[in-house]
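Shared between the two complexes below is subunit A, which pairs with subunit B and subunit C, respectively.
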Partner chain A sequence: MKEITRNWPFLGCLLVLAGAGIATPHLFGAYWTLVALNLAMWIALTQSWTLFSGMTGYISLGHVVFYGIGAYVVVATFKTVPLWISVPMGGVVAALFALIVALPVLRVRGPYFVILTFGVAELVKFIILNIETGLGKSSRLLFGAPGAQTLLYVMICLAIAASGLTLFAKVSRFGRGLTAIREDETAAETVGIPVARYKVIAFAASAAIPGMVGGLMALRSTYFEVLQVFNPIVSFTIVTMAIIGGSGDARGPLFGAAFMVGLSELLWANAPRLYMILLGLFLVGFVVFAPSGLVGLLARRGRETSA
Partner chain B sequence: MKYLLSLVTALALGVLAVAANAAEPVRIGYSIAKTGLFSQAAPSQITAYELWASQVNAAGGLDVAGEQRPVELVWYDDESDPAKAAQIYEKLISDDGVDLLLAPWGTPHHLNVAGVVESHGFPMVGNTAASVAIREVQPGNIWFPTSAIPDKIGTELAALAKSANVTSVAIIANVLPFAQENLQFLVPALEAQGIEVKVNESYPPDISDMTALLTRIKSSGVDGVIALSYPADSFLYMGQAKELGIDQPFQFLLVGPTIAAFQGAFGEVANGIVTLGHWSPHQAAWPKGKAFFDAYVEANGMAPDYLDSALAYMSCEILQQAVAVAGLDRDKLREAISSSTFDTINGPVRFEGVENVVTPTAFLQLQGGDMHLVWPAEAATSQYQPR
Partner chain C sequence: MSAILQARELVSGYGDVRILHAVDLSVAEGGITAVLGSNGAGKTTLFRTLAGLLAAGAGHIEFCGSPIETLPSHVRVERGVVLVPEGRLVFPDMSVEENLRIGSVNARARSKCSKTLSTVYDLFPRLDERRSQAAGTLSGGEQQMLALGRGLMALPKVLLLDEPTLGLAPTMAKQIFEIIPNLVELGLSILIAEQDVHRTLQCAQFGYVLENGKVAVSGTGPELMQTPAVSEAFLGH
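Here is the complex of A and B:
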């Protein structure tokens, strides 16, 4: 508890953002509601990624698979199962899927793990694509979903939940175990940390919220197509946000997501190509010059001013 | 003196009127895939929009229920992301306050934007979207001028194949939605015509080698090949079919051959290829078609895409004619689009629900470097010729 209260600046920041998000539909209208929805979505996704990849050092390049599974669950049961059941169910199915694939997938480390997660996401994408083709449902329409404001409020709850989960994991015994795995997995096992169990739990926990996020985001669109909800760009963007923010703890995703959504809003309308170039430059710049991300930069600035 | 004074007054009023017009353009918004996966396909649509806008402005402006006003296009790049397109239309309507809307490129984008225009009651004439799913869209806010709807394509293509004396076919299909929808309706239609389907294979969207598929087709002994392909795989098919000596007299490619670059790339080799398309400048019954073709070639230095450019321009014509009657009032505009018959480069267009019920589902064939409508008979500009 003491460790959580020590994070009051982070919690304050989260509450301010949530408040701003809740006020957006009333103050700034429909378009900015969608921008806020995007921001909340990226915070929730990047926090969930950090819970596993940031803490264990196992870099997942396939987190879109959980997002896609959640979306597919909601879409496939649309108008037959109420949304308050189907959206959480998307999270449960995504977490179950993570549990099933965790044991074989988590046996490999380093670049092999990165490629394997990417491969699993592509595999699931094409399996579902073929199922849809087989069913004669190459595309689905989703009219009558809740409006952007409702989706935003639920998404804010998910972003807070994901942030809370990551924060809690970081300060708990479980989180310290994960960090030990990141630093030296063999040593961690030697000192008695249940490595396999911790990794599997973290992997499943980091899949649940992306599953629900995917379900919600499917409802934002009136048209569902498999290739879009399993778009690998989602996975790449999550990793980029985590790197730019600083992927070690719950503060990074907040900064990373806010920075990139802000940059995108500033640039996409006027200079879409410049946006992609700048994104590449920022990514290279952060990896080379500021590997601890925005959080690291701000902390260093803080120490310099106080010194 | 009195005469001079009235002349000066008239001139002054004229200048004022021009100034007023210049100050108040009709702002027309759209999003387009300027970057990303579909950025190769979208230019055919952008060029048609730009041509239409420049023609309208050159003619003194858009007739808004009797008042001439210049048009100004307001567009954003949707990065080929349908969800982004929906967000942009929300911005165009809520933030930018545009007067009218044009459509984005592609079926997923149209159907995603359908939700936005419906929630605002803002009319939008679609163009480059074709799916049986469009009939699930609530009528009244969005309309689809295309006649290339997969269930109709299946029936008509089977009838064309039958009339071309095809007895057996090999089908290869992209797994993407438009191709699969076509496949779903085509196979039973072919069987109903007594045409045997000897090969029926689907392939991934990013296919880079068709050798195995084409070798199977070659050894299958069919007399027709139907490739339910997207532009990139149509190019791939044509190149590899030439290398492997695929010489079936009837060869159909779904999307791709209508692009000028396709004919540019393959020339004589592509002669005789049949493809999807319901417009041709050669149809004398549609006099506006030839004028559009000539103006497009003059402006862009190449032929328009017979499918996308034509549809995009038709959607502008429909909007223009509706605005001339109804002005910019959204309710009146919706009523006008829903109930009028429009005179377009593709002949008359009238909507029932969301669908164009006049233009027949048709097919084009590349003949001697030109594209001709060969099916159905009432729209044909030339006879079908076996390859």
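Here is the complex of A and C:
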């Protein structure tokens, strides 16, 4: 508990953001509600990714698979199962899927793991695409989904839950075990950390919230397309935000997501043609000049001013 | 002296490659047992198999009279079989103290963590001085002390020391060898793999010579010193 309260700047930041998000639909209208929804979504996704990849060092390049599975669960049961059941169910199914693939997938490390997660996501995408085509449903229309404001409020809850989970994991014995795995997996095994169990639990935990996020986002547009909810760009963006935010803990995703969402708003509005080019330049710049991300930059600046 | 840890016809290796062929060995309770052998004889494979990092292909491992060969490594640590791996393997970005504290992650050692920590700092004052330093910035010898200390934090009954002086400066190696008898006084039993045969046989009561994954000779220190195979292979006379 002491270690949680020590993170009060982070918790304060989170509360202010949540408050601003809740006020947005009333103060700034429909457009900014969607921007806030977007931000909350990326925070929830990137936090969940950090819980597993940031802590263990196993870089997942396929987190969109959990998002897509959650979306598919909600869409496939739309109008038959109430949303307050189907959205959490999306998270449960995503976590179960993670549990099932964890054992074979987590046997490999480094670049092999990266490619494998990417491959698994693509595999699931095409399996579901084939199922949908077989059912004669290349895309589905969703009428009567809740409005953006409701989605935003639920999404804020997910963003807070994901941030809380990552923060809690970091200060717990579980999180220290994950960090030990990242630093040296063999050594972690010799000190008596149940390495296999910890990795599987972290992987499943990092899948649950993305599953629910996917379910919510499926409701955001009125049509559902498999290629869209399993778009690998989602996975890439998560990793990008985590890199730009930096740090292996809960602070990075907050900064990374806020920075990237802010930047894309700015660029889409002012320089749509340069958007992707500038984004690429930023990413290269961060990796080369600030490998520890925004959190690292801020920490360095803090040290310089106090020195 | 009775055996606290025993391997019977232990077979192990990596995939299809067999490294250990039916090794029989026992670690005396409250004593120091040595495993000698040249590079590639199977010492590290033996230690990793005893600790559960590698699955035994066949054969048995008994600890305090009960079989442990099917238990996962973290359960063996909790029972009291702790490996200090070859190459030290400290957690480089964690501080010295974090490295030590994580050593007592198992349920049996957890509640005694702070008490064990002061014992370890008494044993290694060097680590005490460097508590908050990142482990990766320590010298090789200090890292070896840290790896030893981290092993002790798990409250082992048997400590498996895999080449604790590998790559260390001679004075450092000497210090490590001076510490090992102190560990026995703490009530530990020790299995040590070493290339420094002279020193090892001076402090060990019993030794095994491993050759191509088999026990070639075994005996007490003085016995082994006089064995032609040992003196030719390791002592150069």
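Criterion: the second predicted complex is superposed on the first by the 306 of 307 C-alpha atoms of A that agree within 3 Å, B and C clash if a C-alpha of one lies under 4 Å from a C-alpha of the other, contacts with A are read in each partner's own complex, and residues count from 1 in each chain.
Heads up, the rule we're going with is that a contact is a pair of C-beta atoms (placed from the backbone, for glycine too) under 8 Å apart; a residue touches a chain by one contact, two chains touch by 3 or more.
All figures in this text were calculated on a predicted structure; none of them were measured in a lab.
Once the two complexes are laid over each other on the shared chain, residue contacts for A:Glu189 go to subunit C alone; subunit B is not touched. When the two structures are aligned on the shared chain, A:Val288 is found in touch with neither subunit B nor subunit C.
Judged by the touch definition given at the top, the superposed model places A:Leu135 against neither subunit B nor subunit C.
Once chain A of one complex is fitted onto chain A of the other, the partner contacts of A:Leu27 are absent, as it touches neither subunit B nor subunit C.
Judged by the number of subunit A residues each one touches, B leads among subunit B and subunit C. Shared contact residues of subunit A with subunit B and subunit C: none. Contact residues on subunit A toward subunit C in their complex (touch as defined above): 173, 176-177, 179-180, 183-184, 186-187, 189-196.
Contact residues of subunit A toward subunit B in the complex are 29-31, 34-35, 126, 129-130, 133, 136, 138-141, 143, 147, 217, 220-223, 225, 227-228, 268-269, 272-273, 276. Here subunit B touches subunit A in the complex through residues 34-35, 76-77, 79, 81-83, 86-87, 90-91, 93-95, 107-108, 111-112, 114-115, 118-119, 131, 133, 136-138, 175-178, 180-181, 184, 202, 204-205, going by the rule given at the top. Every residue of subunit C that touches subunit A in the complex is listed here, in rising order: 51, 53, 72-74, 77-78, 82-85, 89-94, 98, 102-103, 105-106, 150-151, 153-154.
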